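The data blocks that follow each hold one structure.
Heads up, the next two complexes both have chain A, just with different partners, chain B and then chain C.
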Partner chain A sequence: MKQASVLTIMPSALVVLAVVLGPFLVLAWQSTRDLNYFEQRNSFVGTDNYVRLAQDEAFLSSVAVTVKYAVAASIIPVIVGLSASVALYSAPWGGRIAPLLLAPFLVAPIVVAMVFALLLDGQLGLAPRFLAALGVSDPENIVGHGRRVFWSLVAIDTWQWYGVFAYVFYARMKRVPLLFQEMVVVSGGGALRKLRDVWIPAMLPVVAAVTVFKVIWSLGDAERIDALTAGGGPHGAMRVFSIWMERQYFRYADFGYGAAAGILFYFIALVGIGVFILLLRTRRELS
Partner chain B sequence: MKAILRKYVVRIGLATFVFFSLAPIMYLILLAFLPQSSFISNESVFVELRNGLTLKNFSAAVTHTQFAKRAMISVQMTVLVVAIIAVLGLPAAHAVARLPKIVRERVAFSFLSVRMLPGVAICLPVFWLFNRPGLVPGWLSLGFLHLGFNLPVLIWLSVPIFRSVPVQLEEAALVDGLSRWRILVCVVLPLVSRRLLGVVLIIALLIWNESLFSTIFRVDTVTEVIPSLITHRGVQWGLVMAVGTMVVIPALALLCGVIYCRWGLEEWEH
Partner chain C sequence: MRATCVKHLSAICLLFLVLELGCRCDSEQNGPSPVPSSWKDLATASKPYANSKLRILGEDLPPLHSLERLRSEFSGTAGVEIDIDFKNHSKVIQSILEGALSNEYKYDVIFVPHKELGRLVGTGSILPMSMFAGQPALKNPSFKPEEQFFQPFWTEVSTYKGEWYAMPLYLGGSVVVYRKDLIESPEEQERFRTAYPGAHLAEPTTLEEWRRLAEFFYRRNEDPPMYGITLLMSDESLWYNWQSILFAMNGNVLDAKHGWEYGDIVVNSPEAVAATDLYRELSKYCPPDASSYSWGLGIAKQQAGVSFMTLLQYDVVAEFEDPEKTQLAGKFGYFIPRTEAGDCASQLESWVAVIPASARHPEAAWLFLQWMMDKEVQLRMHLEGNISPRKSTYEDPRVQAMPATGAILESLDSMVPKPTIPEADAIQDIITRRLQSILAGSASTKDALDAAARDIEERLRGRAKLRYPVE
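Showing the complex of A and B:
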């Protein structure tokens, strides 16, 4: 049985390894070289690229923005999704509404970017009119304003994903036996004990799984951000890692440097997510 | 009184959520029918509705962007890659689902960790290696990237589904002398085929909608044309919205399939 399962998993593992490890090794090789296509440079430099990266503020700030964005664009959709799932659960016909909330997920990221680019557009869009009505100063300037464009992108991501989360959470809530809630009521507990003894233990694993999945997903987000901010927004305020790396490749043809950044970013992500998962696991074991 | 209030709060809340979800899609479809002149004036697009609706954007999109050809390429790419992913990934997911808990969690996570490397970081070395004249056509690189990038997602999403099948059932079949493949095909798959189809459709949706890789490899997919409609003289909004609508409609069909397959309504833990 053991041997057979290894044999079944192997082809998939090999494909993933070939498609992912291959480029990864190329990246690792390139990262140790001074490789510039335009200037025809190609020589071994060891860890120089990494040393340069550690002092490169543009790179460090792109990592910071990416992490900030991935965390915000995971926690907020999960919270909104949770509240939507509570609303769905409270209505007897929630099951019929739930699929409607999946609709945003089906729109291609690039199409989403264009629809929201128009909504946020200084002249044509609805958002500036709305801001003006609220009395916000300089309402036309959303995409060119660092903080506004960040939160706009988080809001767009929330729009696209919260429905999926609401759907999954709602399904989980539906599968919690009513008996558990009744047991709390019979033993004289209130809403708070219901939350502590029924809802949190039931929901925590799925909420954690979904959050980890979304953080991983968001770290690589590029299409929408790139299209909406025209390559990174005002002063690179939204130049997330993917966009930064793409520029290293295509604008500066600085392959070695870009490759080193890719490797470094992967390990930052791996360590961050590993720590997050370990924290969740110890929490589960403690409780 | 409290119950009635609660009822209305829930209703208003749900109505808000549904509106929030659907309004931008309606907006997209509405804009696709507005004449190009509506996007030049300084008026709000809703004021421009007085000019009436038109189908011109669609006819312009079809001729201008060679949409039929692109749709053909996108469909072929999606169907082919999804078929390979399903054939490779589903047996693998089944095998992963039957591993002991600790190993299972680790294997599932290692597959998923592939997605931690941003798409761009995978894509650019492949581009650098293969994108030379006469070496490897762009669509082949693109197909392989889609394959390697979405296979882990399929495995990660279908392990919990396979886990929902009682292992005793498989053991009984094993005692009856069925081979591993027969067990998978004749015993396990019929039980979960509908939900697995849901996962497969999600993967199809992801590939159909993807635009970053196809832009880098310059493969003429349906989404690849949109960035090129952003020109120096401004965005051709009418065309963008028409193409967007035509990309959304097949995706809508796929989503209906996902919903029909009751995806996501069962266990989600590994």
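Showing the complex of A and C:
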């Protein structure tokens, strides 16, 4: 019986292994070579590419800005989405307007980048006028200012994603039986206990899943950043890992080095997400 | 039963055989015309390739659009259809790499930045033009590029180590687009005399005069504000923009006579340090968000009158003379950055057409490119907005009357070649990063250029040595 079940899953397991493990092994093999197609180099170099990466300022700064961006562009939309879902849940017409929140997500990222590029433009955009009205210094400098362009990109990401998250959270809230809430009330509990005993246990798994999904998505985000910052933003401040990697691989054809960077970044992301999931699990066990 | 099946199968096979033979006879009768023995005209030369379709890939640039508008004339004469695929810069580069790796380009002609020649030649990805130029049936005897096109431009962008591989789409070089109407304004002249006693507001003839113009027109607090100069400091354009000033101050990256040579690394020379300091000084008079400007945004801002001047390249000057694109059309002037001694110097740049080794119709592609370089076609492309590298174009009175023509012709003898070696792109990336650290204020000019020199030396793996040693 057991043998039969193994045989049954074997074909799909093989396909998954070939699709997931195959490219990873090719990448691992490439990462041990000095492999540059255009410069006609191909020799075994062991861990040299990894050593080079550890000393490469451009790589290290691209990883740092990517991680910072992925965290900010995940946590903020999730918080805004959660707040919006609470508002929807509390409002009697919440169910009717919830689907409308999906609208920003339907706009292609490149279109979003073009629209916001115009809004944020120093001389032609509306955002600098708004900042000037608020008394912000140097209001015309948004995309040319490292910190401002970073937070602008996070804000754009939040605008595009919070609706999807709000919709998902709202759907989950509607599935929580009213009985649980009534039980808390009957046993003399207040709003805080309701939050602790009903809402947090019900919402935490879906919030965690959505956050992990968004972090993974943001780690690979390049199209919108590239379009809005003309390849990396002011003085390379927004040269995220995907942009850096694309250059190593596709522009310089430095396959060995690019592969090593890909593997290293994969592990950095894996460890980060692993730690996040472990923290959540610990939190759940404690509660 | 089995016998019946065999009979049916035999009949079907026989039917296929008859049909196949019929088709072959038909194709032989109506097939390609025999190749003529010598050049008569384009229509005759292209007869063997009639009804074929040429697929062309290039960046979405104004010169390629002017070629697109004229392509029907080639198709009408040669009977060869032209399909141009416009992509953005990085997609074109990605397509080149994919094609080179698979040796299976989908295209018959690819327009690439001329700096890519080293990589494409080194990997055998493109065909030498001598393959076609050596065939009397394909080569128009009146086509003599070495004589008919500007030198050293032609040699630098079309050849690699003495072999001919490419045809230039346009003549590229440094140019400053400025507001001529403001320079001629009596109020501005008066204001200038007050600000700089004894000086006269005019087109600059030295680098110091240029810097002073940027300073004078920097009026950030006026309504509407105006900026002295726009420099394109984004990742994509910084390297090109900086080189315009580098060459004007007799600096260079590699001290080589030709782009395909390595030469000494001189990016940290005193001239390069001085040029970079001037670039940084000029950046103070830019719009504050210019560190994110690439070509498109730089052009748009100048068209909108945001800055007094913008450091650009020739191939976009038509964008400033079209009343449909800017209300300031007719009010712009053009000058070339000058050396300290007052001579002008310009970088040498082009996108060039190459024929991939895997092209399906290489002969037809050659005929198309030869047609593109023709005297009449070059003139028409120039009048459409392109900048022609052919000398005869500038004999036409309409071209002579164009506002940018004088500046372009003035710079032709002093064009400085740029690296076309396989590592050219990597050098660009190294220098861009180091320049960004200077402009961001996180490194001194000398330290950053020394670091760039060291990085380039490491990247070139012993092929070039440092002329200015770094501790």
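Everything below uses one rule, namely that the second predicted complex is superposed on the first by the 257 of 287 C-alpha atoms of A that agree within 3 Å, B and C clash if a C-alpha of one lies under 4 Å from a C-alpha of the other, contacts with A are read in each partner's own complex, and residues count from 1 in each chain.
Here is the rule we use: a residue touches a chain if its C-beta (ideal position, glycine included) is under 8 Å from a C-beta of that chain, and two chains touch if they have at least 3 such contacts.
If you're wondering where the values come from, they're calculated on a predicted model, not measured in any experiment.
Of the two partner chains placed by the overlay, only chain C lies in contact with A:R239; chain B stays clear of it. Looking at the superposed arrangement, the partner reaching more residues of chain A, out of chain B and chain C, is B. Of the two partner chains placed around the shared chain by superposition, chain B is the only one that A:P104 touches, whereas chain C remains out of contact. In the overlay built on the shared chain, the residue A:Q30 is in contact with chain B alone; chain C does not reach it. Once the two complexes are overlaid on the shared chain, A:L82 sits clear of chain B and of chain C alike.
Once the two complexes are laid over each other on the shared chain, residue contacts for A:A73 go to neither chain B nor chain C. In the superposed pair of complexes, A:L131 makes contact with neither chain B nor chain C. Applying the stated contact rule after C-alpha superposition, one finds that A:G231 touches chain C and leaves chain B untouched. Contact with chain B, but none with chain C, is seen for A:L270 once the two complexes are overlaid on the shared chain. Judged by the touch definition given at the top, the superposed model places A:Q123 against both chain B and chain C. Common to the chain B-facing and chain C-facing surfaces of chain A are residues 123-124, 246. Those residues of chain B that touch chain A in the complex are listed here as 6, 10-11, 13-14, 17-18, 20-22, 24-25, 27-28, 31, 39, 42, 44-45, 88-89, 91-92, 94-96, 98-99, 107, 109, 111-129, 144-145, 147-149, 151-152, 155-156, 180, 205, 208-212, 223, 226-227, 230, 235, 237, 240-241, 243-244, 247-248, 251-252, 254-255, 258-259, 264-266, 268-270.
Across the interface of their complex, chain B is touched by residues 1, 4-6, 8-9, 11-13, 15-16, 18-20, 22-24, 26-27, 30, 83-84, 87-88, 90-91, 94, 97, 99-112, 114-119, 123-124, 126, 129, 159, 163-164, 166-168, 171-172, 174-175, 205-206, 209-210, 213, 216-217, 219-220, 222-223, 227, 241-243, 245-246, 249, 255, 258-259, 262, 265-266, 269-270, 273, 277 of chain A. Considering their complex, residues 37-40, 57-58, 121-124, 138, 140-146, 149, 229-237, 239, 246-247, 250-254 of chain A touch chain C.
The touching residues of chain C, when paired with chain A in their complex, are 90, 93-94, 97, 100-101, 119, 122-123, 224-225, 233-237, 287-294, 297, 301, 304, 306, 422-423, 425-426, 429, 432-433, 436-437, 439-440.
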